[in-house]
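Contents: one structure, followed by commentary.
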Amino acid sequence: MLQAESLTCLRDEEALFAPIDIDLPPGHLLVLEGRNGAGKTTLLRALLGLHPLTAKSLHFRGTDVLRERHALCSGALWLGHLLALKGDLTVRENLRYNLAIGDEDAAEDVDELCANLGIAGYEDTPTRSLSAGQRKRAALARLAASRRPLWLLDEPFANLDGPGMAVVERLLATHLARGGSAMLTSHGVLPITLPATTVRLEHAR
Amino acid sequence: MNPVWRWFHQLGSPPYFYRFATRWMPWFGISALLLTVIGMYLGFVEAPADYLQGDSFRIMYIHVPAAWMSMFIYGVMALNGAIALIWRIKLSELLFLSCAPIGAMFTAITLITGMFWGKPTWGAYWVWDARLTSELVLLFLYFGVIGLASAYDDLRQGARAAAVLALVGVVNVPIIHFSVKWWNTLHQGETVRIMGKSSIDSSMLWPLLIMALATKLYFVFALLLRTRSALAEQERGKQWVREAMVEAA
Amino acid sequence: MTALRPYQALLARDLRLAFRRRADLLLPLGFAVLVVLLFGIALGGTPERLAPVSAPVIWVTVLLAGFLSLDGLFRPDVDDGTLDQWLAGPTSIVGLMYAKALAHWLLYGVGLTLSTPLLAMLLNLPVDLLPVMLAALAIGTLGATQIGIIAAALTARLRRSGILLALIVMPLYLPLLIFGSGAVDAVRLGESPKGALLLLAAQTVLLLTLAPPAAAAALRIGSDNPP
Amino acid sequence: MTALRPYQALLARDLRLAFRRRADLLLPLGFAVLVVLLFGIALGGTPERLAPVSAPVIWVTVLLAGFLSLDGLFRPDVDDGTLDQWLAGPTSIVGLMYAKALAHWLLYGVGLTLSTPLLAMLLNLPVDLLPVMLAALAIGTLGATQIGIIAAALTARLRRSGILLALIVMPLYLPLLIFGSGAVDAVRLGESPKGALLLLAAQTVLLLTLAPPAAAAALRIGSDNPP
Amino acid sequence: MLQAESLTCLRDEEALFAPIDIDLPPGHLLVLEGRNGAGKTTLLRALLGLHPLTAKSLHFRGTDVLRERHALCSGALWLGHLLALKGDLTVRENLRYNLAIGDEDAAEDVDELCANLGIAGYEDTPTRSLSAGQRKRAALARLAASRRPLWLLDEPFANLDGPGMAVVERLLATHLARGGSAMLTSHGVLPITLPATTVRLEHAR
C-alpha cells in the first residue's frame, strides 16, 4: 500500500527526524512512535502534501507520490489533532457534509454510524454541546463510512474512554480485514491488541 | 414583612404570576380597547382642525402617545433588566425580554407616523435632527436587545447579556426627551406639561391624554400576555404548568 | 449530478450555517442602516446637503457591510481544521471556491441589494436613480464577493488580519466603486448609464473567471501541494 | 505595587501581542486612509465639495477603524481558554477590563488620533480646525474604546458576531459623534468649542466609570459566579 | 481540603450524574472516572463557578463554597482541555504572564520550569510552533511554580509521551508531599502509580 525509503520531513529546511523506511502492505497496521515533538504529526501531514518532505522513493499503490503529490489525497483518509467539526451544526449535518465533501459513499445511514460510535441519541445535537470524547467519536464516525484504502490517524485514542477505544479497535480490525491499511500515532502503551509494526522517529542527529 | 413587599415576593413566584396574569389580562385588554375607541373618536372626529396644519395634525393622537410609550417602556425594560442582573429573578428576565418587542413596535409607530407627519410640515420624510436620530437610535437599541438575547443559546444568559446592553443604553432616553431643548431642532418643542400650563388647547389635549392612558393599558396587557406564555414555555416541565394547562382546557 | 456533490454540500453547509442563526441574516442590513445613520448625522442632515452624496455613501456602505463578513469566510474553516481537510482531500479546491463565492453572494450581495431602497430613502436619494442603483449594486456585489474571496483566502492563515484584509480589498473595490457610482451619476446628469454598467459587468465577469482559481492558489500557499 | 501585577501583566501581554506583528500597528492607519480615499473618489474629489464633509468623514472613519478591531478584543481569549482562566482565577475581572481598555486605547485611539493630520490633508480640512479635531478625537476615542469593550464582552462567546457587534456599538457611538463633530463645527462657525468638548469629556468620564464593570459583568454571564 | 455531600452538576436544569460525595483530605489524590460525556469536565468547571451545581454541602478548607463562590478560585489551580496559551507569544512570555495573572510566586525561574518539564531549549519559541505534547508541557509548567493547595487537572496526561507522564507524576508527588491535594480526570488505566481514591460518575437515573 505505502512504501517509502529514507523518508524524512523538513522544518526550516532541516530534517526533523532520522530518515525512516516504511513498508505498509495491505491489511497491515503501522504505529508511529516517538517522543513529544518527534515529528509524528508532521509526517502524516507531509504525506498529504501539507508539509515539505524528502525521500529516496515514496510509492502509494504503485504511484510515485513524489511526482504525483495528489495521489495520496484521494486514497487516504486523514484525521488530525483538529477534528474539522462545525460547532453550530448537528452531528448529522456534520457527518453528511463530511461524507459528501470527501466523496464517500452517499448511501450511508447516519443513525447507524452514530450508533456504531456510541453516540446514538446525539445525532441532532450541535457538536458544540458535546464533551471532548463525544466530539472525537463524531469525527471518527467518518471512518466507519469510508471506503478509502489508507487511514492516517493522529492520536485516534486521545480523549476516548475504554469503550470508545474498543470501538476504534473494531473499526480498524474491519478495515484491515477488508484489505485496507492504517498508520497511526499513539503514546505509551497502545490500548489495542491488533498486531502492528512499529516505526520509531528518532532525533535527526 | 410589609404587605407591599410580600405582594412583590409572591408576584415573583412563577405560578402566582401566571394566575395573576390570567386573571387580570382581559381587564387590561378590554379597557385599553375601549379607551382607544373613545380617544380615536374624540381625536379624529370631535376635535377641531388646526388653524395651521389642517387635519394632518390628527396624526398626533397616535404619534405622541406612541412616542411617550417608546420611552416609558424602555424605562420599564431597563428596570427589569437591572433586577434580573442583580437578584437573578427569573420573572424579571422574562418581563425584560417581553418589553423589548412591544417597545420596538411603539418606536416604529412613532417613527412611521412622524415621517408621514414630517412630509406635509417639513417637506421631507426624514431629516437628521437630534430628536429623530435619537429615536432611531432607540429603535436600534431595542433591536440590539432582541438580537443579543436571541443570539445566546441559553435564554437566561441571553436575557442577562441583553440587560447589560439595555442599561448602558438608558442614557439615550433623556437625550430623546431633552433633545429639543439642547439643540435647536425642527421638531416640536415641549407642548404638554405635567406641571404648569400646556401650550395646547384643552379640546385637543383631552383625546391625547385618553390615548396615552389607552396605550399604557395596552402595554400592561401585552406584557402580561407575552410574559405569561414565555413563562409557561420555560417552565413547561413543571407540575404547576401542567395543572394550569389542565385548568385552561 | 454526482460530480457536483461535494460543491453542493459545501454550498448547503454555508447557507445552513448562516440560517442557523436567523437574526444574522438581517444584520448586514442593520449595519448598513447604521453606517448611513452615522453619515446622516455627521453630515448635518438637511436633504439638500445629503442628496448629492447619497449614491456614493450607499455604495461605500454596501461595500463595507460586505467587507465585514469577509473575516468569517475562511477563518472558521482554518481554525477547526476544515481547510486542511480540503487540501488533503480529493475534491477540487477551485470548485469549492466557486461554491463559497456563490454562498457568500447569495447571503450578502442579494440581501444588501434588496435593502437599498430603504437606505436610499434615509438619504433622500432621488427616486428615479433607484433602478440604475439596484442594477449596478446587483452586478457590483457579485464582483465584490470575488475580490473578497481572494483577499480572505490570502489572509486566512493570519491572525488578526482584519485590517490587512481591508488593505487588500479596498484598492480592488475602487474600480467597482468608480463605475458603479458612475452609472448612477450618468443617470443624474441625464446621460445613458449603459457604458458604465457594461464596464462594471465586464469587470465582474473577469473577476468571476479569475478569482476562485486565485483564491484556491492562495489557500494552497503554506501547504506543499502544487495548485 | 504588587497589587497591580496581574493588570500590568495583561497590559504588557496585549501590547506585546500587538507589537509582535509590527505591520499590524500601521494597519488601522492604512484602513483609515483607504476609507478616506474611497470617499474622496466617491464624492467626486473637488476640494470645494470635500471641505464641508471632511470633518464628519474623518470621525466616521476613525470610529470604523476602531470598531473593526473590536472582534479581536476578547474572541482569541475565549477561544484559547484564557477567559475561563480569568473567571476561575483570583484576579478582579473589573481590573482586567481596565487593563484591556487601556491597551486598546493606546494601540488604536492614540494611533488613529496621531494619524488625523494626514487624513485631514487628504480631505482638505481647513488647517485651523485641526487642533480642535485632535483634541476631540483623543477624548472621543477613549470613550469609543469603552463602548467597544462592553460590546465586545457581550458578544465574546457568540459565533460570527461581527454585525451584531455593529448593531450594539453604532447607536452608542452616536453621542460621541454628535459632540465630536459639534466641537469642530463650532470652530468653523467661529464659536467656542468648549461646550461640546466638555460634554464629550463628561461622556467619556461616565463611560470610563461604567464600561469596565459592565464588561466584567457581561463576561461573567454564562458563568455561575455572581458579578 | 475539599468536602462535598450529594454534589451534582446541572445542564438545562437537569442533574448530569448521580449525586456524589467527595472527601479529599490534604496530601491526597482523587481520580474522577466516567464514560465520555459523564460530566467530568463539567464538574471541574462547576467547582470553579463556571457552571451551575447543586450540593447538600460543599466546603473548601472550612469555607462554605456554596455561600462564597469565589473561595475556590483563589485556592485552586485549574487546567482544562483548552490550554490558555497564546500562539504568538514564546513559552517564556506565556509562562510569565500566567504566573503574574494567577498571582503566583514572581521569583520563579522560567528556564528552570521549562527544564523541569522537558522543554528546555524551547523557552523562546512561540507556542504556535510547538507540537501538541510540547504545548501541553508548556501549560503544565504552571504547576511546577504554583503554591495553590488544590489542583484540578482535566486529562493532564493526554498528548504526553511516557517521559512526559513521568514528569507530571513527579510534580503531583511533590505537591501531595507538601500537603496539597489534587483532583484529576483520566481515561483507561492511570499511567501513574501514586495512591489515589477513585470517584466514578454514573448516569443520573
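The letters A, B, C, D and E name the chains in turn, as written, and every chain counts its residues from 1.
Methods note: a residue touches a chain if its C-beta (ideal position, glycine included) is under 8 Å from a C-beta of that chain, and two chains touch if they have at least 3 such contacts.
Just so you know, these numbers come straight off a predicted model, no measurement behind them.
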Third chains touching both chain B and chain A: C
Most extensive contact between chains (C-beta pair count): C-D
Whole-Å gap between the CA centroids of chain B and chain C: 38
Distance from the mean Cα position of chain E to that of chain A, given in whole angstrom: 29
Chain C and chain E, separation of their C-alpha mean positions in angstrom: 46
Chain E residues counted as touching two or more neighbouring chains: 81, 87-88
Chain C residues counted as touching two or more neighbouring chains: 21, 23, 27, 30, 34, 37, 41, 43-44, 76, 79, 159
Overlap residues in chain B, where contacts from two or more other chains coincide: 133, 137, 140, 143, 147, 151
Interfacial residue positions of chain D with respect to chain E in the complex: 2, 5-6, 8-10, 12-13, 16-17, 20-21, 76, 79-82, 84-91, 223-226
Of all residues in chain B, those that touch chain D in their complex: 85, 130, 133-134, 137, 140-141, 143-144, 147-148, 151-152, 154, 157, 160-161, 164-165, 167-169, 171-172, 175
Residues of chain C defined as touching chain D within the complex: 21, 23-24, 27-28, 30-31, 34-35, 37-39, 41-44, 49, 52-53, 56-57, 59-60, 63-65, 68-69, 71-72, 76, 79, 159-160, 162-164, 166-167, 170-171, 173-174, 177-178, 181
Chain D-touching residues of chain E, taken from the complex the two chains share: 45-46, 48-53, 69-70, 73-74, 76, 78, 80-89, 93, 96-98, 100-103, 106
Residue ranges of chain A in contact with chain E within the complex: 34-39, 41-42, 81, 118, 130-134, 136-137, 155, 158-165, 187-188, 191
